[in-house]
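Across the two complexes that follow, chain A remains constant while its partner is chain B and subsequently chain C.
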Partner chain A sequence: MKSKAPLVMMEQMVMILVFALAAALCMRAFVLSSSLSEEAERRDIAVLLCENAAESCKGMQKLGGGAETEPYTVYYDAGGFRTETDPAYRVQVEPLEVEEPLAQTLAKAVVRTFDEATGKELYHLEFAWQREVS
Partner chain B sequence: MKKNAITHNLDGLAALLLFAVFAASVMAVLLTGAKAYRGVTRRDQEAYNARTAVQYVAQRVRQADSLYGITLEDFEGVECLVLGQGEPYITRLYCYEGWLMELYCLAGESFSPEDGERIIEAQELKLSLDQGMLGVQVLTAQEEAPGSRTSELWLELRSS
Partner chain C sequence: MERRTKERFSPPALGGSSLLVVFAVLCLTVFALLSLSTVRADGRLGDVAADAVAGYYQADAQAQEILARLRMGEVPAEVESRGSVYRYSCPISDSQQLNVQVKVEGEDYQILCWQTTPSGEWEPDNRLELWDGE
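Let's look at the complex of A and B:
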């Protein structure tokens, strides 16, 4: 009687081949979902850093400072706290020009948060505030 | 005849081994998928907690931003943000027993922290108020626990 084992083996090899292809696709999807989730987390922090920079800028303006004339850069660690060593995020605040007749009363700036490792911009926010009128 | 039987057995064994390899691969892919899913949901949940807690506080502050309307106080030993100061009713925001709590009550009446309403899980709320800048730090899980995250938010009080 002829053995059926080679036939079973052939069938299983085809099964493994199909499975390997499906598994490869699944693995790609897992890696992609993980990297998307990490990026969303970084963007969350970037949004918060932009908001904080905008609020600080407006607050400093009241005290006579802020980004009205000079751009500035601040560095933050992975948790979103200010640091000078091994930063994960770079936050840049740059003043923007305001056209007349609003230039005397309105100030504008843009804040950008970058991923320090890749240099990629994660988020930016344009904001404006009223100048203190004396 | 005997040789035929041995070949037959070896073929069967090879097929069985191949099936074992297949089963192990299925398990590996399933476990990897489960691990990836767990990681993604955990990270998303942490981000949600951290973001929601600080944005909730920011929203409440923006709604109640009036001249001298926002102050900090000690609420029976708990650091607390008071909104609507100077009005008949005030809102207190604080952390108590692992929760961010809110208590809307008559100003001057004696209440305790457990009277508040639970908003979202949070371990600690640190507040600072200096020259119109309100600093809010929310710790969303125990400091040593996995997933512990502190979110910091700065708010410039418009009416200060």
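Let's look at the complex of A and C:
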């Protein structure tokens, strides 16, 4: 009777090759999923940071501050907490021009969140608030 | 003794490793597809949330601009007025709007209502015949 061992060996080698190919393809899919997930997370945090900056800017107006004249920048870490060292996000608030005579009662600004590592803008938001007339 | 062992030894059945590899590849493919579809769904949800935030702040800025015009003594066409109380709405999306009601006296103002509401008409579902007590 002829031995089946070479046939089994050949089958196993072919299967290892098939498995390696499939594993490589699936690994690429997992890596793609991971990068898309990280990108979505960064964008979600950027949206939240823009909202927070816009609302704090409006709130500061009531306290006599705000971004009416000077742009300002705040840094946040990967978890979305304010930091000065090793930041992951940069939030910039810049005042926008408002035409006269509306500028007497209205202020506008744009808040942008950047990925600090790549410098890419993740999200931006324009907002407006009432100027308190003294 | 050695001869007996040699006689007893038989190679693994043909096709066993193929079955195992097919099962493993199937599992890997299913998990890879699931992770990709989850990430894509997550991304779509994030897009919707980001669009909703952008829509709200756009409507908010529009409402602030109308309020600023009212404070300057100008009454835009879309504003309903009743004495010193003004009412207007700004669209956020196809299904939502920002309803505003303000009391303006000169440059002083008081916000009575600044509320997101559904913009469509509510239609009660009367298909079920419920017992009305009689």
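Convention: the second predicted complex is superposed on the first by the 126 of 134 C-alpha atoms of A that agree within 3 Å, B and C clash if a C-alpha of one lies under 4 Å from a C-alpha of the other, contacts with A are read in each partner's own complex, and residues count from 1 in each chain.
Just so it is clear, contacts are C-beta pairs under 8 Å (C-beta built on N, C-alpha and C of every residue); 3 or more make two chains touch, one makes a residue touch a chain.
Predicted model, so just to flag it, every value in this text is computed and none were measured.
Steric overlap between chain B and chain C is absent once the structures are superposed on chain A; the two fit side by side. Within the superposed three-chain model, A:5 lies in touch with chain B and with chain C [touch as defined at top].
Look at A:37: by the touch rule set out above, it reaches both chain B and chain C.
Of note, the Cα-centre angle with chain A at its vertex and chain B and chain C at its ends comes out at 60 degrees, rounded to the nearest 10. By the touch criterion stated above, A:106 is placed in contact with chain C alone, chain B being left untouched. Once the two complexes are overlaid on the shared chain, A:81 sits against chain B while remaining clear of chain C. Touch criterion not met for A:117: it reaches neither chain B nor chain C.
Contact with chain B, but none with chain C, is seen for A:52 once the two complexes are overlaid on the shared chain. Residue contacts after overlaying the shared chain place A:127 against chain C, while chain B stays out of touching range. Superposition on chain A places chain B within reach of chain C only down to 5 Å, the least C-alpha distance between them. The interface of chain A with chain B overlaps its interface with chain C at residues 3, 5, 8, 12, 15-16, 19, 23, 26, 30, 33, 37, 40, 44, 51.
By the touch criterion stated above, chain B contacts chain A in their complex at residues 7-8, 11-12, 14-15, 18-19, 21-22, 25-26, 29, 32-33, 36-37, 39-40, 43-44, 46-47, 50-51, 54, 131-133, 149-156. Within the complex, the chain C residues that touch chain A are 11-12, 14-15, 17-18, 20-21, 24-25, 28-29, 31-33, 35-36, 38-40, 42-43, 46, 49-50, 53-54, 57-58, 60-61, 64-65, 67-69, 71-72, 107, 109. Against chain C, the residues of chain A that register as touching in their complex are 3-5, 7-8, 11-12, 15-16, 18-19, 22-23, 25-26, 29-30, 32-33, 36-37, 39-40, 43-44, 47, 50-51, 54, 101-102, 104-106, 108, 123, 125-130, 133. Residues 3, 5-6, 8-9, 12-13, 15-16, 19-20, 23, 26-27, 30-31, 33-34, 37-38, 40-41, 44, 48, 51-52, 55-56, 58-59, 62-63, 79-81 of chain A are the ones touching chain B in the complex.
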